[in-house]
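Next come two complexes built around chain A: one with chain B, the other with chain C.
After this line comes the complex of A and B, so read on.
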């Protein structure tokens, strides 16, 4: 890297700042691009304004994350505070508002019917069983969760079951009957309670339940002892409900910023509190990469697993995909993106708009909460970021007049269209382009396992071209072996080597085909770690480097190094060799203060080493990437 | 999460003969003064699983159990009770309620499981691998009392019977072989196909099938329909699924494809293949994929299903109450080292450890003991590592060590009870010595008698 840096004239501090990508990126950004880039792209200025416009307008549209809708949380806080206070105020008020008597009546009455059901039902249904005595047996409901009707379709969510139940009646009666002075007093009481709730801070929900219990237990003291148990369990139920809901809202509001600087301890602490997945951070991190999240591997999965049934708002399909990301069962930009979209599709199909909410807003918030869950499982790839951006844009564009089922159908078909056009057709086009670059007698080198490159090789083989393939691989993932296996099975002639031997093997290579996780607007190719190394060696040997990447993975970000954005893998993966128990030199050293293990996942290949990028818009030089980015955005986000 | 929970509570167990009776079926057998079923139900409740089907053997038992559940868990759980005839086995029980199962996956839990392993973990593993069945395995608990060597020999003999022989893949994620019950004595027979596909297999005998399974509903129902001789989930259904995981003809091939085709009407078939290929190529292949593809690379039509395992971490507690020894162990552990199972669970507030209801002078109650409400103990008694139920009357100079005494028991002066179980309403007259005995409910032990390693019960009328 070093010689290249010095050769380059543009190691401008401004550009570096852009790399960190604050939303208010200065518009001079495009000017600081190398001049040759401007030659190529004529309408530069519109593009830059568009870029900025975009930043400002869609605060939700950063590549790797979706910031939360800002007002949600405060809204709920407000609401719970209101509801909690209402019984109090009514209490302090007058006997006219009926709260305590009704509540008191409520307890036994809600209890007795279910008891009756048990008593009547169980004997009556048993004779049936006895008579039939065939294996088929009947079910008898012995215990029922006794929830008032309000809770099952809870919309905004009240703090307590009972309070919510009573609310409409009471508020109506209040409006009708209270005098002006009374109303003012009530307002004041509410305000005071709200302030108190706010003072409680994030623990508002728990405080709310406490208030509810006190409200609950007061009448039950007077009631007969049998109702006490019932009371307690109802409290438990309401507490559960609150507990379930609060984190969801929290998550929506403060999804951890994917570009959070993880060396900022206070923020990390905050994020950790919200996280669904328990994340234990590794102690010894490499200084340069402190700002990246690095978790103790092996702690997340079991913890997430135990919560399987507790994450109510999470859709099972999304949950499954998250688990698969976390455990590494699904990897690769295309596959992760497809898996995510298929999960979202399921979620959308099962979605129904809660009352008093609009589909557009609520579904966006729902998707955001899913996304932040997925981020906790594994940081998003650029392709996923773009795909999410697309989906949210589609949701936002839905006409308000559309019925729910129509809207859902539209979204599902949008998702299908995206997968179809942007991934499947794009890959076919890439293959068509790339095959023209393969001639008989070529020796093609590829690194890792890119789905696009694999298609190209297989297609060229089907066309009957005579060529040889060199598969370069690296530890610890050894994805190349899977590619190799598939290629060899198809009858291609292959050579397999590891990346340390790349300089030796490069002499006989005539083309290098590489996949990419993302292509950034300065032409940098962001890809599997080791790609840069291969590209540089190829460059030194004057072998053309062709990067195959679908256009939906392009991103307007500018990145000059692979430090500011990256992902850290499991450090154990490099300290241990799978299947080789005898290599245990690092046993017991892993937690030493002076040992730091670094397992990077991605690296950035500067555009200088890339001869050509093959994308679904054609074969372009790396300097033309901004055009693609702009065109793509025009087509998909503003259309 | 689209899971349905079936709790197999059982009925009267032969293994526990003197302890269980018509009035006190196995699900209600008190462990640390709470019915054993409540541990499972509570654990499910904590995991937010509130829709349960409890399957009980025998209608009378079902009535008793149902009454108890409705009394304890009203407003907290939505429980449906199904009574099945006795001796149809676990598979038969599921078959009987099969038409009530509608969710995508079924979680089957044994009602006698006392554990703190979250069921969610099993379910999550199941979902992650999209398995046909996922079984929970736990390490075999240390059996027998810690400090009394008296019953050591007997323990070993009993423990041997519980061993499973389990074959796992190197990643410890898939179940390749399982032998239970009588099969252990026979030679292990493995399908060659599985061995060839996996390459390496780890045979373990230190793991126990904890009888918590997640089944894909379609697979489970199909197996039960096809093989109507299958009696037990553990001994028939699970081994069958494991054996046939690489050549499942009827199983699981229809269902997933049918679902997917239904979902993807929009995309053409070709694209569908494409998508699935991308997904398949990017994920780590399991041995199932290797075996299902022919050497020339084309995926063959042979269908496979996955049998996964979730191995509980060594720190968690997981025991099944299926023998008297296990009953003793669980009582000891729950009051002792695994007391987190009790905290916060008390269905009524009097169930805490070490309240001293009414103790005579110079009576010592050691640690890890539990005394139920309303029990009275006379002077100069010693209680060590024991559970004593409610409303017991214990005279003076009594020694109770490593024992379980249930409710309403009267113990006369000068009795010595060691390593025994004394059921409800038993009357022990003066100077009775019991060592490693089980006394059935309502039995009267005459004064001065001594028993060692015997099972005393009233004659059935």
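After this line comes the complex of A and C, so read on.
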């Protein structure tokens, strides 16, 4: 830890160094780790100039730039060297960047930063799936990209995005035409992404490869977004802000693909607008959570709304669902998953295979692009992730002999079957199991608004059981009020309180029912923030905690804390109280350097505090989640 | 005859009546006599029962119900036989007596018989578990679409018969597994009279291990007295404690060994009243608690607390008359959560409590 701290105090605050590793660390890591993890580099503005010099000289002298041994040079050179080597396996976008040096002397300098961008993105496929170290590095490298935005734009936009770290390739293909080079770059990217995906083996990486495929279809436009993005960032803006913004964007784009491949000009504009807005947000982000994309509320929604009719490649149903996510109209794992699938069903129904393309690949690419859009609106929940994996699996399993209409009908019926079996019927089974645990005279406590828990309580009430409900709620979402209203309307006797009072009310509680966004392999329950508090207090009072979660939300990931994978909400929501304009103590303070607002959306409850998990496979102890994942993932539809 | 459909004493768990009856049999020397006596009684029963002699007009289902319960009762009376095994043997008899011609029909008959058995004594966990296990096996076999109906049927009967042997073998397997855990000079605390635990101790004694046993009195069943009798015959040093003296003597104890009436999905056990108390005391004093039970006792229950179990009541004789307005806690069993148990010795091997759910998932899902 000490080196990290000292590094931070020493470094230029404008180029932010993200915690978890030191400048000295990367050299060792470069030796040991696979290339893709070399993104641990934190270039600084002074170093980048060194880098530029280095590159420039290197470029003219020898086409093959082998990363210098770690211990010879200064740290900065190490870093740049590492950056150079890192994407060797991943990307060799020789073509684009190749042309640039011939045009402009300054280009190499711009190239090197841009190169780093790509390097960064290769390994990461999914926000939060990676260790925080990787995203952090991405942040830093991206900052360098924006140093000479003008130059990169001049260089042909796309090149800066189509970073290739492989200098040998670049210099070799100096003479090639851009179009062919672009195409080759695409192919390299695709191959590299596929290799990365195989190495990772996660759903997200498959999304990445698919996205690469989609990117391949329109290579030219991909370049533009980045340049425009660079435009959007004011050149004069502090590098820190730029660095922060760009990583966020990269993070979002990273989910499907390491570089921005959206062919969609409108989405690019959206990204640009977002960039503008985010500049003020960035200052308030907590260091520990830099690896998470900062949720941006602000001006996005109206912008997107106005663009509703301009979005050609995006299906209107998907766009609508994205907006609903963004505005928070649809919340809850099941609702989001169902809404997404309904939109996909519409999209599939309206889909027609373009000529010269196979349905399987093209449709998968199309779905991936929709998914990227949805990720930009709001990061995927685990339920949505598993559902997308299932859908892609089903698409991949389509027999080639099927006609287009048959294939589409099969997919639509598969989606319907998934929704029915895994969500609707599963909830009924969960309710059936759970009501056996409710006895007369019970006082049941629930937190937030889980659809499964709501159904359980209503069903138990219908069965005539006599019990009381305590609904615990918390700011800023105050979701419990929705649940409360529905329960009171049906005649249940309810108590409503905030999470601050949970230790007082727990004395009279006999059972705690909680919902979950996901249950992980080590029995950890990943759910709305505040759930862990309630579970721990219940455990201290020896009250059994029952978590109700459908089996399709199980994930084979293991998480030990709430930090490495989470979602950041809108910080304004916690600094302001809706409807209480007199609580304005923080007005004007939000932009201060020493104030950081943190609005987490999820937290992880350790399995020790959970007594039982009720799923559609029955009531199981938390230790048996990997058994279910193992036995039923194989049989059923995904992976 | 109507009685055999109904539990004669509805306020008292039939399971515990049986256990009490078994406790009256002093030693396994009496087993042969008991078996002889039982088989005579079975003949009497069967001759007396309508199901056997009367014409079939009564309706097959009714006859079957009769004969299942009777069969079960007859098997149950054998003191050496576990409940679940008796149930499975009774169900095997149902198959044998069945006149179904297809698997589906047979399955339906079996389901009905199994349900009636379960309803007859709803408090016995191993009975329920045994029935479920057999039904599960039947479903799986029939799902395989066997050669023809008759061979499938004979296979089921064969399996059921074998199950009884497996049960006896299970006890021996468990005894073998336990031997490594009993070291020379150790002190074992035992609660309740479990035939499995007795087998363990007997085998250890036969292997010339030097150990001593603390027996809790086990009120109101007086199981401790019985066990101490048996162990004394084996020349094992035995010390009797009253139930309240467990914490007092826990310092001298090296391990606690109990049986189980049922093992639930969370990995906890349901056993004679007092087991939870002993487990709590041992846990707080860092003594291991070992459970010896056969794998067919795994049940798909998941109690969250003591009251979550179905009530199993038994009469308690205090020796002096109690005024009627004084309430008596009559429950015969309690639930020990898995965090107080160290290891389970089963015929599947030495398991940790969390493995129970894995096994159940693989078996039932």
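As a convention for this text, the second predicted complex is superposed on the first by the 352 of 639 C-alpha atoms of A that agree within 3 Å, B and C clash if a C-alpha of one lies under 4 Å from a C-alpha of the other, contacts with A are read in each partner's own complex, and residues count from 1 in each chain.
Keep this in mind: contacts are C-beta pairs under 8 Å (C-beta built on N, C-alpha and C of every residue); 3 or more make two chains touch, one makes a residue touch a chain.
Keep in mind it's a predicted model, so treat the numbers as computed, not measured.
Considering only the touch criterion stated at the top, classify A:618 as touching first (chain B), second (chain C), both, or neither.
In the superposition, A:618 touches chain C alone.
Which of the two partners, first being chain B and second being chain C, lies in contact with A:511: first, second, both, or neither?
second
So, does A:328 touch the first partner chain B, the second partner chain C, both, or neither?
first
In the superposed arrangement, does A:339 touch chain B (first), chain C (second), both or neither?
first
Touch test for A:466: chain B only (first), chain C only (second), both, or neither?
Once the two structures are laid over each other on A, A:466 reaches no partner at all.
Under the stated touch criterion, which partner chain does A:493 make contact with: chain B (first), chain C (second), both, or neither?
neither
Identify the partner contact of A:320: answer first if only chain B is touched, second if only chain C is, both if each is, neither if none is.
first
Both chain B and chain C touch chain A; at which residues?
Shared contact residues on chain A (touching chain B in one complex, chain C in the other): none at all.
If you look only at chain C, which of its residues touch chain A in the complex?
265-267, 300, 302, 304-305, 307-308, 338, 354, 357-358, 361-362, 364-365
Given the complex with chain B, which residues does chain A contribute to the contact?
111, 114-115, 118, 122-123, 126, 129-130, 133, 135-146, 230, 233-234, 236-237, 240, 244, 302, 304-310, 312, 316, 319-320, 323-324, 327-332, 334-336, 338-339, 345, 412-413, 416, 419-420, 423-424, 449, 451, 454, 482, 486, 489-490
Applying the document's contact rule, which stretches of chain B touch chain A when the two form their complex?
Of all residues in chain B, those touching chain A are 1-3, 47-50, 53-54, 59, 62-63, 66-67, 69-70, 73-85, 88, 92, 95-97, 99-100, 118-121, 123-125, 127-128, 130, 263-264, 266-267, 271, 274-275, 278-279, 281-285, 295-297, 313.
Which residues of chain A touch chain C in the complex?
Going by the criterion above, the answer is residues 437, 439, 511, 544, 546, 611-612, 617-621, 623-624, 627-628, 631.
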